[in-house]
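Please read the structure below before turning to the comments.
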Amino acid sequence: MSNIYQPDLMTITKIIQEAPGIKTFHLKFQDENVASNFSFQTGQFGEYSAFGAGESTFCIASSPTRPDHIECCFREVGKVTTALANLTEGDTIGFRGPYGNTFPLDDWRGKNLIFIGGGIALPPLRSVIWNCLDLREQDGRFGHISIVYGARSVQDLVYKREIEEWNQMENVTMVKTVDPGGETDDWDGHIGFVPHVLENDFKPDPENTVAIVCGPPIMIKFTFEALERLGFKQEQMVTTLENRMKCGLGKCGRCNIGSTYVCIDGPVFTATELAALPQEF
Amino acid sequence: MKTATLNKSDLGKCIDLLVQADLRVIAPRLQPRLDEDGPDAIDVLTFTEVDSGEGHQVGEGLLPLNGVKEFLFAKHEPLFAYEKRGKKIEIIPVHHEYPQTVIIGVRPCDAASIASLESVFSDANAGFEDPFFTERRSRTTFITYSCTAPDASCFCTSVNLSPDSAKGSDLHLTEIGDGRLHVEVISKAGEAVAKQLQDLLEGEGDQAAREKAGAEVSEKLTRIRDSAPIMDWLMDTANFDDEMWQRLGEKCIGCGACTFACPTCHCFDIVDENKGSKGYRVKFWDSCQFDHFTLHASGHNPRDWQYKRYRNRFNCKFKIYPEKFETPGCVGCGRCIRACPVNLDITEYMAEVAHKAANPSAMKADQDSE
Amino acid sequence: MIEEIRNQARQLLENGEVDVVIGYAEGSDPSRTTPIFVRKAEDVEKLIYDSRCINSLPIYLNKRHEYTRKGWKKSAIIGKGCDIRAIVQLIAENQLKRDEVYILGVPCEGVVSHPDKWDGSLHDGNRASKCTGCDVMTPHETDFFPGEKPEVDRSKPYEVTSPKVANLMELELDKRFAFWRTDFDRCFKCYACREVCPHCSCNVCITDETTPSWIDPAAHKKGIFSWHLTRAMHLVGRCTGCGECTRACPMDIQVDLFNQRMKEVVQESYSYKPGYSLEDKHPLITYKVDDREDFIK
Amino acid sequence: MAKIGVFVCQCGNNIARTVDTAEVAKYCSEQDGVVHVEDYKFMCSAPGQEMFKKAIKEKGLDACIVSACSPKMHEATFRNAAEAAGLNPFKVEIANIREQCSWVHDDKEVGTVKSKDLTKMMIERIKFNKPLERYVMPLTKRALIVGGGIAGIQAALDLAQAGVDVHIVEREPSLGGNMARLSETFPTLDCSQCIMTPRMVEVQNHPLITVHAYAELEQLSGFIGNFRARIRQKAKFVIDDLCTGCGECWEKCPFSTESEFEMGLVKRPIIYIPFPQAVPTVPVIDKTECPKILKDKCGLCADVCGPDCIDFTQQDEIKEIDFGAIIVATGFQLMPNVYREYGGWRPPHMTPKKLTAKMRKALPRSDAGRLVDVINGLEFERLASASGPTGGQIRRPSDGKIPEIVVFIACVGSRDCNKGVEYCSKICCMYTAKHTMLYQHAVHHGKSYVFYMDIRAGGKGYEEFINRAQDEGAQYVRGRVSRLTKKGDRILVKGADTLTGQAVDVEADMVVLATAMVPQGDSEQVAQTLGIGYDKHGFFSEQHPKLMPVESSTGGIFLAGACQSVKDIPETVSQASATAAKVLALFSKDEMMRDPEVAIVDQEKCMNCWDCVTVCPYLAIERVELKDRNGNFRKWAAYVNPGLCQGCGICNTACRSKSIELMGYTNEQVYAQITAFGGDII
Amino acid sequence: MGKKIEIHDFEPKIMAFVCKWCTYSGADLAGTSRMDYSPNVRMIRLPCSGRIDPQFMIKAFEQGADGVFVSGCHPGDCHYNEGNYYARRRNTTFRQLLDFNGIDIERIEFSWISAAEAIKWTEVIDAFTDKVRELGRHPQYNDDIVDPYAQFLVQKKQESA
């Protein structure tokens, strides 16, 4: 009998301090069998355990096109994340997953993509960004790729090196912004909230474009509104939700929005799907 | 379907036989009481593991306080143990050796609830099977017993069940007068149990008497609602923000008694219980009525008001279950009504919704005029 | 009596003196009543009061119900004596300000111990044990009281302990333990006892604490024991004896016996009764140099 | 996971004898989070500490356990070493395997197992140790002295001579206190005024000392190093700066009332200085008696005043001054009630007008039944004082007759919890002996009797002094006096001699009661104003009876003199100097370092029941309003002032919502220790 | 010195919560004076007996302690003036609560031990250990708790046997 609640063990191979209180883990399965049978798609999430503290839900922040390890990125807020943050390289954590649905990459063929993220919500986007960049490299299946990313202040920006990398890339437009008051003297990006910068400074063309939004609920709401004003249609807007979860298996009953379980039916939703749901997220 | 009759007075012997057959038997029983407890004292009827038929309350009283839920979906379930050794961790699986169990004296509503739980925990739900539930389920036989006297809080007929329903049952007993019971074998497991009891079973049952008895009890139910329009009304997202949710739900104090007493509520939480460098992960009941249930780490809470939590519970019973699992989420046992300290009554919600569903324009006008 | 209360409530609402009147209304079946928030003067007719009104309404005054209380600057509340004790205790603990609440006191003859025991009248067979020897049937702290308030001598310790406490104390230790073990076996930690308690007002309950997890949240024996011990310990010298915890328990565990016992202990040891003075400090945060220490080596 | 280093010390053979340290080290190395283990002969030695530092640096340890002797011995040593190696000192814990294992258990196996457990418990605990930073607090280098008696004067001079800015608040119009009342002092019989007044003048003239005479401390806020005092300068109706102290006014004043300084033995004018040598020599007008102020009649003093410094419109003035430390020297009074018990009629030296109407009524008003010639020690001092009302002649108050027979009764009100206080007032034996001598010197033919319980004369030259008194004619009778009654113009003293077992009746011309020393009547109120502890008698409590006898329970407030307990002058002076030394030590740094092991509040969790505020012995917890981003009130919450917190953790336990954590002893740390205990010991 | 360690069938686990000013120092003095006492006790050092939360005691019992020992400065000697008075009240009520629950309060000992009372410390600890040893394993808190880890241990033991 297999126990769906029992995690597989993974070793932390590398830890990167992204920002104060935010860390990235590189993880590898300890069991070869598990490693060889494991696969995931972008957008999916997992349950990470710090033994002795419990489990916490984060998306898989790495791209399935780079399968040698998986990454997760989290902020130290609760008991589990604090316990995770106290781990060092070489330590063991538990992993269950992958769970949930994926970004509909096939639907995006031939389209321009805009990734819009705020704060700690870049990790889920990072997975799909690299996935799309890698796929575009392979067969040019996507058009132009833009990334709009904002955080409260410069030091809260995560993946600073990759932001620079994307900034340097040709045919990638990187728009970075910080909230007013969060800038430093040498800040070369925008200043303002993400929806505002998007609408007033970046002004993307909705034509043949898909916008992928990730962030806190309030940001998603305002960004969708901004996009609609720019002429985006609901089916052109995709987001991923991060409701509180315990099991990730559609059983523990806390991530539901109406009869939609974010852990099974999500976490990726189009704006159309969201609009059909009760407004309780 | 095989039928037979059984003397009601032989129920104790039935239990004895089952115990002798090395089965774990769970039957309703009164909890022991101290003498002269004063006027507060009340009889406490619960399903308990018994080792003989003595003092059983099968067919007596109405509903035991606990449903049969806790015998399948344990209120506390260790998932596995672990031990930390430096950087390494060893996971020690839990051994599942659940005894073959018979639960006797289950009321039809409780029996029906098992199907609802099964739909959540079986692999039919997104392909994930809760091994603890399904293992227990496969080793448990339910002997149900038709209700003879519903109380004021019962409303099973409102959710398409009846006091004599055999849904979810393996072996079904109905009183047909003269101290006789009509016995129906519903499933294979029931047949196996019936075999153990065959010395006590006699001839054929009396189908007509059984139906008559059932119908008589149904008529005694006072809370009769039509649940059919409820789901349709709930499906309309606009109604999600209807004024009734707050009006009816504001007195809710979020105690969670309804969810814990409910035979179909299945929410749980998982934590690690740690002792130094080892411990175990445990799954235990939780409730959607608690404020931190949906609280995000960021401090955002999608269900910040208590009435929203109760709205979720109502939706869960009448929309999510039917829509997602195609089973009713409510079996009309009335435990939540009895348990509620502030008399929040799910049937009032049902009535309100049914009324709104029946008179959409009238309600609209009402609101406009306000 | 209720007419006078209704009139006063109507006046308060009409004058805009209070935003809401918290009271009792008929419940969904004849033996039950339910809390009601009356916001409009015309709705005061819904208010009732009789021996079925068991609920302790002050729990709605607790800060925990901040969302329900949103927009209530001042509320009027119908209070029987024991509830007013709870209100007083809330004020003493700074969970409520005296001027935020208008107390409509009711003369109380006792309440029924359980709705199921209601047979149309109150008598010795169904009166809650907390009402025996109650000294606040004429409430002590009110803004409005129908009729004249008779003088009541409240200096003596009140005797409202359930006979069951004495029964239990007479048992041998292991029998007493066995009694609780059977009761606690039923507990599934729904925390209804916590949520109905007018005095549980922490933003984060100690049992929801994870750093550290004081009480194992799972409903196993240790977790259940620890929870009930902690709950009782937190209420030492604060519990005003409304008995709601027992009534709310869906498993009919008599958790308030703990509180009643502790009330006895506090009264014996420190001659303290909670809920009578707005300035009270409960006995665990005060001390006397010559407190009893007969158990200390 | 944490990188923990464990250092097991053998302590020569002290630990190694009954603890297998190698085994302990091996066990620790297997523990979760432990990356480095040492087993060494003397961890506290210089090479041991070097090894400790090296390991921290090279292995990048983020926490260290030293399994060695009691933390009382070397916690500071290793914390300092850690700090030197760049590790936060509060990430070092000591597992006590010497005092708790090797020295108390003979069996090596037992000692080893217990050592493992203790170390393991610490390993689990230290995972939750937070790096703590010491608080740096600003420091106001100005001291406030409450009370201008000998204690206050001594402390002020000591501090000022060391260059500290000092303020003295004295509620009477002059410095001097009780000592100024004394005639001569034991055991040398030198004149009190003679040694006192020069010091008072020195205070007055010292540039660093500011005297606030006729002023009271009204409120004190802040904490050690940062107090703010609200001082009420009571209206003197005389302009300080203009007054020359010529004395015209008080000599001309036509009205009079009982003199407080003279214990009511004589009258004083309404505009007055308490005694001729008063410092400052600025008179004050008693506004409760002055007809000009009460009824707008008279005003003679203003007419005669040359510099024109009388101002009847003067108001009380409030001064707010910052201080870094406070010395409380409010002194004592003689027990008022016992005095009445023995038939005396005068209230305590604070004069009847300060009594309530009810008390006034209770006092005998007429001659009937009152014993005018029963006086207390301080009154006797005034009678014996050369500057006193009788010019040093001992005359009894009723008729001015020189008393032929004087009875001195010791222990009046002391050592008897039924009639007074249970403690010994300590100085009475000595001053009674002194009184007999003063009396014998003044009235050579007089006869003095002393009724006493025991003679307590532990001090340099004290026992000799008692002997001398006896030699000089005082008759000591061991026994108590049962009652005093009036007999003609004499007082019949009914007593007993417990040594002979016989009743002793003496007809005395005058009776002097050696009344118990008690704190000032308002000492509890003062203690509450200052936020310091006091005992059931009203004496201020010292921080520790043995080791911190001059510190009050609140940091930065020190106690000098009889306000803390009964004392004679030398003791008072030495304590006063001790407080000065404490203040100087506090002021020796430019800013204050505070131990970070203080309580902090999780203000979001706080449910503001203020239980913590109630229990805090140091008044360190404040109620603060939390605001949202827009500055609107959001909620109340407790805040622990780290300057005041002493780290006892009482609030932590009292907090039901567990929103207070005592740094260094957090719930998680203790919890980890408990769980480690349960987890591995089988 | 030199008390023979007796081997008993059951050795209780005793958790001691002590104040660092008085009792911990008293225990230190017992060490410095080479006094022998029962090795069953494990001390947790806290600033004051007023810091001893009943929660700690509950947790200690939960974690398998057979006895809990609480100690601080004598009344009036508290380093923080009044912490031990609060501790006294808390324990008075907590003991009554446990008693009402049917838990043997003989398993909780409260004692005032000053820094000088090393002899008292050893005597009280020895007496308490003996008493708890007599009482045996704490039945109320340690029976039939589903502990997979314990199950695993038992199984391992059986396998190896």
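Order of writing sets the chain letters: A, B, C, D and E. Residues in each chain are counted from 1.
Throughout what follows, contacts are C-beta pairs under 8 Å (C-beta built on N, C-alpha and C of every residue); 3 or more make two chains touch, one makes a residue touch a chain.
Predicted model, so just to flag it, every value in this text is computed and none were measured.
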Check your understanding: Taking each chain's centre as the mean of its CA atoms, which one is farthest from the centre of chain B?
Key -> D
Practice item. Going by C-alpha centroids, which chain is farthest from chain A? Tell me that one. Key: D
Revision key, fill the gap. Larger contact count among B-D and C-D belongs to C-D
Exercise for review: Let me have the rounded angstrom distance from the C-alpha centre of chain B over to the C-alpha centre of chain C, please.
Suggested key: 30
**Study point:** Computed distance of Cα centres, chain E from chain D, in Å
**Key:** 37
Practice item. For chain A and chain C, let me know how many angstrom lie between their CA-based centres, rounded off. Key: 48
Revision key, fill the gap. Each of the following residues of chain D touches two or more other chains, namely 1, 615, 654, 667, 671, 675, 678-679
Revision key, fill the gap. Touching at least 2 other chains, the residues of chain E are 59, 62-63, 82, 86, 90, 146
**Study point:** Shared interface positions of chain A, touching two or more other chains
**Key:** 54, 78, 91
Check your understanding: In their shared complex, at which residues does chain D touch chain B?
Key -> 1, 30-32, 34, 120, 124, 675-676, 678-680
Study note, to complete from the structure: Seen from chain B, its contact residues with chain D in the complex are 84-87, 274-278
Practice item. Sort out for me which residues of chain D touch chain E in the complex. Key: 70-72, 96, 98-101, 103-107, 110-111, 113-114, 117-118, 121, 533, 541, 543-545, 553, 597, 615, 617-618, 646-650, 652-654, 662, 665, 667, 670-671, 673-675, 677-679, 681
Exercise for review: In the complex, go through chain D and note every residue touching chain A.
Suggested key: 1-3, 127
Review point. What does chain A use to touch chain C in their complex?
Key: 54, 78-79, 82
